[in-house]
Amino acid sequence: MAQFHCRIRAELPAGMDPEVRADFLERDRLHLAGLRDTGALLHEWRAAGEQLEFLVLESAGHEGLHELLAERPLFPFLRVEVTALRPGF
Amino acid sequence: MAQFHCRIRAELPAGMDPEVRADFLERDRLHLAGLRDTGALLHEWRAAGEQLEFLVLESAGHEGLHELLAERPLFPFLRVEVTALRPGF
Amino acid sequence: MAQFHCRIRAELPAGMDPEVRADFLERDRLHLAGLRDTGALLHEWRAAGEQLEFLVLESAGHEGLHELLAERPLFPFLRVEVTALRPGF
Amino acid sequence: MAQFHCRIRAELPAGMDPEVRADFLERDRLHLAGLRDTGALLHEWRAAGEQLEFLVLESAGHEGLHELLAERPLFPFLRVEVTALRPGF
Amino acid sequence: MAQFHCRIRAELPAGMDPEVRADFLERDRLHLAGLRDTGALLHEWRAAGEQLEFLVLESAGHEGLHELLAERPLFPFLRVEVTALRPGF
Amino acid sequence: MAQFHCRIRAELPAGMDPEVRADFLERDRLHLAGLRDTGALLHEWRAAGEQLEFLVLESAGHEGLHELLAERPLFPFLRVEVTALRPGF
Amino acid sequence: MAQFHCRIRAELPAGMDPEVRADFLERDRLHLAGLRDTGALLHEWRAAGEQLEFLVLESAGHEGLHELLAERPLFPFLRVEVTALRPGF
Amino acid sequence: MAQFHCRIRAELPAGMDPEVRADFLERDRLHLAGLRDTGALLHEWRAAGEQLEFLVLESAGHEGLHELLAERPLFPFLRVEVTALRPGF
Amino acid sequence: MAQFHCRIRAELPAGMDPEVRADFLERDRLHLAGLRDTGALLHEWRAAGEQLEFLVLESAGHEGLHELLAERPLFPFLRVEVTALRPGF
Amino acid sequence: MAQFHCRIRAELPAGMDPEVRADFLERDRLHLAGLRDTGALLHEWRAAGEQLEFLVLESAGHEGLHELLAERPLFPFLRVEVTALRPGF
């Protein structure tokens, strides 16, 4: 298994309809909860005061990593920086 | 309690309806006044000539800091840089 | 307690004497091991192929965080980006 | 009187002789303390974990501001961003 | 009195209605002419080939400077960099 | 096995002794030739006119990738950007 | 024949109609498959987790390279960095 | 006469109506052809694979240079970097 | 005659011998005074708090401008951004 | 034959011995004159006021282009940006 550090900034259009925004955020929250359950999402931290989060994901390979991220409902609005990690603790 | 320096650039769409803009700015001004009253907002400076401001906020923890900023009416239009501060004077 | 995400790029001078370099790296490694033992260092990941690491540190306050980093033997050679974190998991 | 926000990153050469470094830092600390006493230095915050500080300085004019900064012993090693401030609180 | 150097890039939406654009530009031109008359605008240069201009403004203080710029009809479309100047000639 | 795209800019000090430089380059060339033989180095392209190269490396995991790069004689002089790749062709 | 390394980031508008998006992606996929068949597209890698790809293209000359890219259905949405390559392997 | 190097990136909105786009490009092409005929446009190169071009323009003065560029039909969509040139060959 | 706006950041090595530094600064000051006398230097402003200055220079042509700057004693330490100006006032 | 636009910034160490500097510049000047004679160097422009130049080079292929640049005496001090050009005029 390989681990990846993802620095993710969400850039939802400021003028987005509030209900559409809430729906996106809720579906995305559930998606991440699912990844926690499967063990794919090892860690999740959200920055204080910014629309910025750090995920540590684990997957068998790089194709798997892409699916974990591309299947997020918020994916079209995300700026993602992926760093391949050497085993940490 | 912890202190945070926030560098905040407001990026309201140039073509925004003037009344909608004025309403956002007024609600946000009142929100900040409220933070002054509760003691959460220690200092506020606005740059001359630019849509740029510096806030020094105090909160019990990082979650609290996020709420102080995320609850601002202008939050969707703000680019925020947060710096955790060592006690100054 | 507060948690912090630190993105750290080590920039040791390329022409540094190999023995001096090795000594710095070893003393720094021991320092980090110590932080693990005290519980201050929650997580440490190193990027593959780059002189880049991610630490998640926990300290009672911001002053404590500064000491955790400033006392690292490598501190003069480090470019550090600190992000205050909302509780994650 | 005018107020200025200064974002200041100190970049002392990593290989600087420790005693020379300590002497610079101490003389600079005393200089800033002097500015506090004269009322020129209204606020000083240091970032946690980075060689970064924020000062709010007050001076009769721009020439005065320059002297306040240029007379700092550390001035040759400082990267300074000055922002002219509208009165805050 | 204090002097300020302002580097200003105008970013009007490319698809803006030509008449609306012309009206904005004309009202802004008149506004600047007014500042020349009052002595607030000391110098104005426009770059060749780019939507870029340099103004040197003089005002009693920083609040005054902000008004000089914020009252420009084009203000919502302007990216402004303000530099506080030491007396030049 | 996983594949990685590495964008690598070599920044040898301009004033380096020519013989030392030639030795570094030759040892590094041999190291890369060895990686070709083991199958770890799938592709190597060098930009025309710049000290820039692109490598596609294959390794069992991220730790292996790090060793492939960190063991290069030129490693202390290299600015490396690693991108984890989904299988291409 | 000359070889070129292309770093390509696709920036489709987040609010694009899903069917229009799918059609663009499918037509572009077929276009690239065609380039593989003609031998113009030597290699294609897609980054894991980001809308980023690396192509190595071969063409008789620079005009040919431009056509290979400009004829992609996604071309208006692509940010392309082209690097002329010295023969690699 | 003075010579200028212009690095110009065209940023037409991706969703622009194809006929409107073609009309803009054709009118701009004719405009540049006109500048060739008058001798104002000394050289024109277009990058392979990117919406990037380099022009070398000659004009009696800076005001003239501005008109040469500002009168281009595509001017509202152009990001222009102008460099004043010392006589080359 | 043509006018040019020059944004100039002086980057003298921090460890430079104080006497050498003072000599450079004095010779450069005298050089600029000479340009004032010849009418080549129309305006000179120095930023407050930063090693940054703005010059407006006038010369018959671009070659002349280069000599005005390249002959400054500080030229090897200067980062210069030149903007060709349309006549201002 | 293929044409290339090269944007080249020379970064000679400010403290370089004047005679060494003059020798480098003279040998480099002669090298470029040689390229003019062979027809490889089609155009050369130097920016006014900055250590910046633009070359248009022609070579049979990318390997040839690299040699034209790498053989310049100043090559170790040059930051080069190469753009492959479609035929211009």
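Here the chain labels run A, B, C, D, E, F, G, H, I and J in written order, and each chain numbers its own residues starting at 1.
Just so we're on the same page, a residue touches a chain if its C-beta (ideal position, glycine included) is under 8 Å from a C-beta of that chain, and two chains touch if they have at least 3 such contacts.
Keep in mind that this is a model prediction, so the values were computed, not measured.
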Both-way neighbours, i.e. chains that touch subunit J and touch subunit E: H, I
Contact distance in steps, from subunit A to subunit H: 2
Most remote chain, CA-based centroid, reference being subunit A: I
Rigid-body rotation angle, subunit H and subunit E, from Cα fit (steps of 5°): 70
Furthest chain, CA centroid comparison against subunit B: J
Rounded Å distance between subunit G and subunit H, as computed from the means of their C-alpha atoms: 26
Gap in Å, rounded to a whole number, between the CA centres of subunit J and subunit A: 45
Multi-partner residues of subunit B (at least 2 other chains): 3-4, 46-50, 62-63, 65-66, 82-86
Chains touching one another, given as label pairs in label order: A-B, A-C, A-F, A-G, B-C, B-D, B-E, C-D, C-F, D-E, D-I, E-H, E-I, F-G, F-J, G-H, G-J, H-I, H-J, I-J
Parts of subunit I lying in touch with subunit J, wherever the complex brings them together: 4, 6, 11, 13, 62-63, 65-66, 68-70, 76-77, 80-82
Subunit G residues within the subunit J interface of the complex: 2-4, 61-63, 65-66, 82-87
Subunit G-facing residues of subunit F, complex: 3, 5, 7, 36, 43-50, 52, 54, 56, 83-86, 88-89
Residue ranges of subunit A touching subunit B (in the complex, touch as defined): 12, 14-16, 46-50
